[in-house]
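Both complexes shown next keep chain A, but they swap its partner, so chain B is in the first and chain C is in the second.
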Partner chain A sequence: MDEIDEIYEAVLDGDMRATPEYVQAALDAGVSASAILQEGMIAAMNEVGRLFEEDEYFVPEMLIAARAMKAGLSILRPFLVDAGIEPVGKVVLGTVQGDMHDIGKNLVGMMLEGAGFEIVDLGTDVAPAQFVEAVRNGVDILGLSALLTTTLSSMESTIKAIEEAGLRGAVKLMVGGAPVTDGYARKIGADGYAPDASQAATLAISLIA
Partner chain B sequence: MQSGRTRTAEMPPWPPIRQSAWCRGGVVPADAARPRVLILACGALARELGVIIDRNGLAGFDVECLPARLHSRPEQIPGAVDRHLRRVVGRYERIFVAYADCGTGGRLDEVLARYGVERLTGAHCYQFYAGTDRFQALHEEEPGTLYLTDYVVRHFDRLIWRGLGLDRHPELLEDYFGNYRRVVYLAQTENPALTAQAEAAADRLGLILEHRYVGYGELEPALVDITAPAETRVATA
Partner chain C sequence: MTRTVVGSASKEVVIGLNQPFVIIGERINPTGRKKLAEEMKAGDFRRVKTDVLAQVEAGAHMLDVNAGIPLADEPAILAETVKLVQSLTDVPLSIDSSVVEALAAGLAVYRGKALVNSVTGEDERLEAVLPLVARYGAAVVAISNDDSGISEDPDVRFAVAKKIVSRAADHGIPKEDVVVDPLVMPVGAIPTAAQQVFWLLRRLRDELQVNTTLGASNVSFGLPNRIGINATFLAMAATHGLTSAITNPLEPEITATINATNVLRGLDPNCSAWIGAYRQPEDSERGRRRRGRQRPNPNG
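On to the complex of A and B.
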């Protein structure tokens, strides 16, 4: 098994201890940061997404895989910068005001990071004004998350706040969370909806294509 | 009380009649004609429905329960309800679905609208047990609240601990519950054993427990009303 395969398998297994070690070993062996990222880590996260969609992986497996990937990225990131490898886009994520749930949002962030995006996570219970400010600072995609039916209205008010700030054309908006539907996403003026973290990565790539 | 018709959704639609620990509703006097009302319920409510039926002496309807595991898979609820309604529609004058929105984001309502069937009001069982106003106040008081009911307490290990993979990956505890500040146990019964289980559950999550006895909340009057003769019915759910 070569260095890339070891990284791929370690991420797939959610091995948070081995992944950074394998990344370091690959770098020491002269493997390019780009190859480690693309063929090792992103490929592994794509496979994690596929397994999730086929009900072979569930949320815990996805979470530990993502944690392993993040551990590997912490070693790799300076080498990516040195090599001039740019993120494919910048995504700001947050759970809307009144809602403290963040597992889905965190998973989306990890899957997007695994797909090569730069992630800015605003956390939970994020007010519309905070989202507006983030968009004002420059971002390709804004991702809004809500788990509670009762906080869906905050999703809509956030999009309205972005429109009222004159920033709607400056950003793509994607939404998700258990009570969110494709119809609701269209109704509130989002550009896209993804039912799970894996499909969120696919959606994000399509939104910036 | 006479033993009645009781089925679970996994059983053949009609006529097999069996007793089931999951869904003990189906309350029909032995000499009665076939019931004209069906209550299609969440399996996680089966025990509570049984208590409400018994203590109010409700009779003359069937109760069928969908698997309780759907409580943790809300995306599967609309499809499961749709499949079941397709099988039973036309057999009853009235069908009532004992689910709230339950995290389906209106998808359940889209199914019910096709059949002209009503459901419990509210977003989820926590809301109809606590009462809408009380639940809203609890949420505003502390958005980072994990809610438990008798059912969730009884099945905490399966639903939450093992369901979230914490038995295999305890390191994920912070990922799942890092934003929570408290556990509120919305108790249906005053049961010291369950309260102790709730305390143990909160302890495992590293959170404080608040015990609030709420009883059956809006579920009981809704059930009483839906099973009342049409001429005496006051409101639906």
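On to the complex of A and C.
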């Protein structure tokens, strides 16, 4: 098995101890930082997403895989910076105003990170103005989460606030959460909806393509 | 022993520690049920009707009624659903919405003493929901989160529950009429989630002396064989003081587990509810003879 395969397998197994060791070994063997990231870790997280959608993998397995990748990235990051490798895009995430749920949003953040995005997590109960501010600072995708039928309206008012600030053209908007549907996403003017964390990663890739 | 009494026009249900565990059927809820949502929005209540009858038949003591459909007139739909459900069954209802106007509309048409689902510890919610609960003499589900969010610290959640009970008392609502939901998080994401709830349930039972309820299915989010986790969680929670749950009575494993906790906790006199539910139907000839010999239950 070559170095990349070992990294791929370690991330897929959620092995938080082995992943950074294999990353170090690959770097020592002269494998490029870009290949380690793309063919090792991102490819593995892609597979995690596929297995999740097939009901082969479950949330705890997704969590440990994301943690393993994070551990590997802590070794790899300086080499990525040196090689001038940029994240595939920048995503700002947050749960909308009045809503305290964060587990779903966190899972989305992990899968997006696994797909190579830079993530800025604004947390829960985020006011429209905070989202507007984040978009103003430059971001490719804004991801809004809502878990209550009552806070769906905050999702809508956040999108309105971005429109009113004249920033709607500057960002792609994706939405998700238990009460959100594809139809609702279209109705409030979002660019996309995903039913789970794995499909959110696929959606994000397609939005910046 | 704290007794929470709810009722329809003709039937009372008691939630309490020395009472059989109360199953609140969760199915009348369009969240995540696309077809049901579309139908309810269009005024088609056939699926609601089927769900009502099936849940009561399966052993639900109460039914939760929710009409949270995005971009729909929730107060009107909830009121209509409450009326319809009460025309189909005499089990008491839990009127479920996070929209205060919808709770008000549901309560206005409800006959009996409803369970209002729910109020949180957020000041704005307390001041909006508690006056309604008081006005209609209803009981209320108190969710133990507040303006600071859903704490992972059980001490914080206990403090929030205590605050809601005290604010309810300010509105003339006795603690018997506050049923605390300690909120369970997915154990697949937070490994200590269930243990936090057990610890909280014991304190709610022993210190605050309130009845409790839970939406149990959240605990198994992201895991396979969710029913297996949900049923076991309910059994464990019952031993730590949980007195009711909002769950799916159409899952035989869930109802069997809850019925079994009643037997094992000595709350099913002569095990008659258990026997009634699980007497072998294929044993028909002998079963008929046995039923023929049956005398009235001396305990009533």
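Operating definition for what follows: the second predicted complex is superposed on the first by the 209 of 209 C-alpha atoms of A that agree within 3 Å, B and C clash if a C-alpha of one lies under 4 Å from a C-alpha of the other, contacts with A are read in each partner's own complex, and residues count from 1 in each chain.
In this section, contacts are C-beta pairs under 8 Å (C-beta built on N, C-alpha and C of every residue); 3 or more make two chains touch, one makes a residue touch a chain.
In this text the structure is predicted, and so the values were computed from the model without any measurement.
*Asks:* Following the overlay on chain A, give me a clash-or-fit verdict for chain B and chain C.
*Replies:* clash
*Asks:* In the overlay, work out which of chain B or chain C sits against more residues of chain A.
*Replies:* Counting contacted residues of chain A, the larger count belongs to B.
*Asks:* Between chain B (first) and chain C (second), which does A:L63 come into contact with in this model arrangement: first, second, both, or neither?
*Replies:* After superposing on A, A:L63 lies in contact with both chain B and chain C.
*Asks:* Look at A:L148 in the shared chain and tell me whether it touches chain B only, chain C only, both, or neither; answer first, second, both or neither.
*Replies:* In the superposition, A:L148 touches chain B and chain C alike.
*Asks:* Which partner does A:H101 contact after superposing on A: first (chain B), second (chain C), both, neither?
*Replies:* After superposition on chain A, A:H101 lies in contact with both partners, chain B and chain C.
*Asks:* Just to be sure I read the superposition right, which of the two partners does A:D55 touch: chain B = first, chain C = second, or both, or neither?
*Replies:* Second partner only, chain C.
*Asks:* Who does A:T124 touch here: chain B (first), chain C (second), both, or neither?
*Replies:* Once the two structures are laid over each other on A, A:T124 reaches both partners.
*Asks:* On the A-aligned overlay, A:Y184 touches which partner chain: chain B = first, chain C = second, or both, or neither?
*Replies:* Touch partners of A:Y184: chain B and chain C.
*Asks:* If I apply the document's touch criterion, which positions on chain A are contacted by chain B in one structure and by chain C in the other?
*Replies:* In chain A, residues 58-60, 63, 100-101, 103, 106, 124-125, 148-150, 152, 178-181, 184 are touched by chain B and also by chain C.
*Asks:* How about chain C: which of its residues touch chain A in the complex?
*Replies:* Residues in contact with chain A: 31-32, 34, 68-71, 74, 98-99, 145, 149-150, 185-186, 188-190, 221-224.
*Asks:* For the complex, which residues does chain A have touching chain B?
*Replies:* 14, 58-61, 63-64, 67, 98-103, 106, 124-125, 147-150, 152, 178-181, 183-184, 195
*Asks:* In their complex, what parts of chain A are in touch with chain C?
*Replies:* 55, 58-60, 62-63, 100-101, 103, 106-107, 124-125, 148-150, 152, 178-181, 184, 187
*Asks:* Would you pull the chain B residues touching chain A in the complex into a rising list?
*Replies:* Contact set of chain B toward chain A: 74-75, 101, 103-107, 123-124, 136, 139, 143-144, 164-166, 168-169, 171-172, 175-176, 178-180.
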